[in-house]
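In this document, chain identifiers A, B and C correspond to the written order of the chains, with residue numbering beginning at 1 in each.
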Amino acid sequence: MSDERIPLLEASNVTKIFGAVRALTSASLELFSGEIVALLGANGAGKSTLVNVLTGAIRPDSGHVRIRGREFKAASPTDARQSGLIPVYQESSMIPDLSVADNLRLTNTEPAPFRYWLGELGIGQLGLDEEAGGLPLATLRILDLARALASEPEVLLLDEMTAALPTDLVRKVLDVIRSQKARDCGIIFISHRFVEVAAVCDRASVLRDGRTVGNLAIEPGVEDRIVDMMLGGSIDAAAARKAKSADDRAPGLPRLSAKGLSAGTNLADVSFELHRGEVLGVVALEGQGQDELFEVLSGFEKPSGGFIEVEGNKVSFEHPADAIEAGLAYVPGDRAAALLMQRSVRENIALPFSAQVSAWGAIPVKREGERVAEAIERLQIDTRAQGEVRRLSGGNQQKVTIGRWIATGTKTLLLFDPTRGIDIRTKRQIYPLMRKFAKQGASVLYYSSELEEIPLVCDRVIVIFSGRIVDTFNAGDADESTLMRAAHGLALSSAEAA
Amino acid sequence: MKKALSVLAAVAIGIGLPSGVLASDYSIGVSNTVQGNGWREQMICAIKAQALSSGKVSDLNIAHRNTDAAGQLEDIRNLIQAGVDAIIINPSNPDGLNAAIQEATDAGIVVVAVDQAVSAPTAYVLSNNQEEYAYLGAKWLFEQLGGSGDVVYMRGAAGASADSDRDAGFHRAHDEHPDVNIIHEVFTGWQQDQGKQQMLDFLATGIPLDGVWTSGIDNVIVDAFLESDSPLVPIVGADNAGFVGMLSSVDGLVGAAVTNPGSVGGAGIALALNILGGDAPGDRTVLVDPALWENQTEEGKATLAAAENPNLDPEWPVSVSIPGWTDYSMEQIIACKGPGE
Amino acid sequence: MGFFRRESWNLGLVAILALLFVLTKVVQPNYGASGIVGLAQAALPFAFAAAAQAIVVIVGGIDLSIASMMAVTSVAAAVMMEGASEGQAFWIALFILALGTAMGALNGILIVLTRVPDIVVTLAMLYVWEGVALMILKAPGGGASDWLMGLPIGSIPLPGVPESVSSFLPKALLLLVVCIAVVWVPLKRSKLGLQIYAIGSSEQAAYRTGVPVKRSKVAAYAIAGLFAAMGGLVLTASTGIGAPIPGPYLLASVAAVVLGGVVLGGGRGGLLGPIIAVFILRLVRTILTFLAVDPNVTTIVEGTIMVAVVMVGGVLALRGRRRSAA
């Protein structure tokens, strides 16, 4: 990495101001060919803005972006593409109503190299006349990547490319990314998962509050320094606690029991108990039946077999409102599905209150206001963007979805991958929040796609594989590799802890 | 409706429509393109009543909807397919229907245009003389003002042929009284609420006026004067029941109603039946001349009083029949029932 | 299999249309060639309006000014053709098509530049075009050249085909198929066609994949204007005049688009569905006229049919998707 070389991509002192918000004050990035650089930063640090500048979606107020030393004034994503910069965005860019083949035509992508990369990524059998909208999210992400690779980019920008992928696919993706180095392609890699960053990246460039605060080579032990840089040293180290043992579990009837629940072909005979004051983890690879489990528990779908008990009473949900009535609140992984994006934080948190008021009754504004304020305080929701929820960062949005139920006094939370795509600082605020919530007597069912957070949050953990519970652990006994093996259905039946 | 059901029943048992009915049992189609307007509703009721009272019509097939000339072409062609013997049309346009009218007369169907003329040479036309209608009313108004003054001219719908005919008549009267000043000209679209609002807006300006000529949106204009406490001026309207009543009952209202009977529809049926019976008129165009009923002479007042009928819809013209053409009773047209209903 | 699944909506519409033809024949045993010719003539302006609306809906918008653009092009054609020679009339027709395209493009440009929602812009343009039509011609009038008026009249005499068969092929239908196909077939195969579907399906994803969103949107509105001009020309052709007050084509076009399986919101559907839907709606009116149903009831029947078909179609589509997912 000698300094005489001309960088493939160079952003220097980029600034961007939206109204009163300085999204970027001085962001810089250097990328050499054959190099993979991680772009890291907590939510709100300016990552998305920098990505948008690089891909031509927005124009910086000042600063330069150069590709191979040539000034690049991107006015549109098309210009960026023509300069050889191909992005893979957080959300899929496949047009849902078009077939895969038509999606390729749209970007003038040759089918042959695309096919090759699909094969490398493990879905070479996919029919190109399939409509994109009918494909699973994970497949779409792979298609996005394959399409980007097929156009032989000089610079590849991967924004949270792996967030929605199951573990096995992540490995394939990382392998493919690594192989691009040999082609002298430069890659900007954005991910919240340190494991992945450590696995593929050469360097990390860290953003905080709109400026680039560090440039580090990836080497063992660098994670802590990166976290320090991202957080500015203000992290509460106590957030990482050891889970309490299952022995001091509160006595009495379980808050929620599933008795032989089945749903369709994906969930079969699942039974477990969730107790007062407990956070029960659910570990599963993508598509093992966890989606159906949460849909049944939250009243979105009726079970095809088995039943649910709440506080020992058998319940049957006709409608999600019935589940809420029974004290079960569902927080989906997709925040857009849970929030009124164009309404205020206040209204979003207050929404469940008004559901309790009779349809034409007056909304008790004062009481509502107090509880909303309390929830915002407790969750430390960043209220700079007091207006519309869609202006909040992803982490803050997720806090709002959780916060509304805490404010309502819900006893049982069903959290489905609540930390997907959320920065580490917000994550570390959510963990103790869950612990505190449980300590006050509430119960939490917690599915996460990130295994490392299970021991930080959960008391016990159930592992689902192929629609069945294959293992139950005390979270304190379960390290990542144990969970990973169980999730792959490898280590059937270890010590049954319950 | 009952007829529709019986036809459906016939369809259900698979025998189709009975054909080869008695020679005097004619089937007549009607095509009209303005719905929800009192005048046109009276026209339809007059058609039904005359068809019933003639005893020669076995069924009426009425295509009655809001549409344009192309839509009326469609309706006429559907009526041709339905196998009617005659078609009464109130044309949306004098020149736009010629293709379908030609097709109808080629198929041996008698076509009678009522209310407004058509240029197709094979059709018969039986219409109110719209130019005369406007001339009569405007002339009376201008004479009432002593040949000079400021007049508001409230027209019908821009682009309608009746409106352009009336405009010609209005200007013929105006040419005879050049000292009359038209201070405001506006299209009411023949919409009650629109006309009333336009009058209220004008009165609010405070510009003095001496008279109002309306193209049949009349009783709401009187309402506008009364509601805004403006001094009444002479108003010319049509023989709509509401306005005729006002001419007798509203203190200080000087006005005249010009007859424009919707019952030309009934006369159209009578003419069609005459032609079907072999008695075609020499001239293909038959004009029904309007009459003017004013409330300034005893004779006029008596005519107005005789025309009043509390059972009539206030938006209907009170001249419910046309002597020499229609022979239904007042009860029959109010009942608005055709043959088989 | 793929064909049946992809075209299931259109096949369903064709089945309904066939059923309606049978019903028509039962209600009116004399219904035949001339009836079908009349049906095609009646459907003509509606079909062009539906095609215009469909392409705008596919791109994710809506155009409330279609009927008014038809009025403008119709009166412009009628005014220019009055007294013009047959040869001149041909050039006038071409000019009218260009005029419609320009009007549509103006709609699109306003939407793209002002960023005011399409429904607001085209509502405003509805009034603007209506005013323009009245400025060109205050009252119905003007003329049309004979060849234009002859275009939709009668049936196609095919050499070697007996007249008893060829009389069932309306010229109006041929005119419709040719005009639509000349625009739609190449468009559907072109990059622009793909981009129009892409924008309607997901504007953001389209923008990010490098689709020139603004340009393609304007193009879609311009093509809608072109179809509206064709609609205006056939109005002039069938009536021989131009009428400045717009006919009932706006709501009818939306109805046909919905019934024709084009998803409001964009990205799905084509032109065939809405055009079959137009024939269905026209034939329903024919049947109701034959039955002499109370005219006030006919609109209720038309509305009910539309809701019923769209509802049943939606349920069937949902089921099909579930089955294929399972």
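We take it that a residue touches a chain if its C-beta (ideal position, glycine included) is under 8 Å from a C-beta of that chain, and two chains touch if they have at least 3 such contacts.
On a predicted model such as this, the values are computed, not experimentally measured, just so you know.
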item: Graph distance between chain A and chain B, where chains that touch are linked; value: 2
item: Chain whose Cα centroid lies nearest the overall Cα centroid; value: C
item: Separation of chain A from chain B, taking each centre as the mean of its C-alpha atoms, in whole Å; value: 71
item: Separation of chain A from chain C, taking each centre as the mean of its C-alpha atoms, in whole Å; value: 46
item: Whole-Å gap between the CA centroids of chain B and chain C; value: 34
item: Chain A, residues touching no fewer than two other chains; value: none
item: Chain B contact footprint on chain C (complex, rising order); value: 26-31, 34-35, 38, 41-42, 45, 134, 137-141, 149, 153, 235, 238-241, 243-248, 282, 285-286, 289-299
item: Chain C partner contacts - residues on chain A that touch it in the complex; value: 55, 57, 76-78, 81, 87, 89, 91-98, 102-103, 105-107, 129, 133-134, 264-265
item: Contact footprint of chain A on chain C as seen in their complex; value: 2, 191, 194-195, 197-198, 200-202, 205-212, 267-268, 321, 324-326
item: Touch list for chain B against partner chain C, complex; value: 1, 3-4, 7-8, 11, 14, 16-17, 35, 59-71, 73-75, 77-83, 92-99, 103, 157-161, 163-164
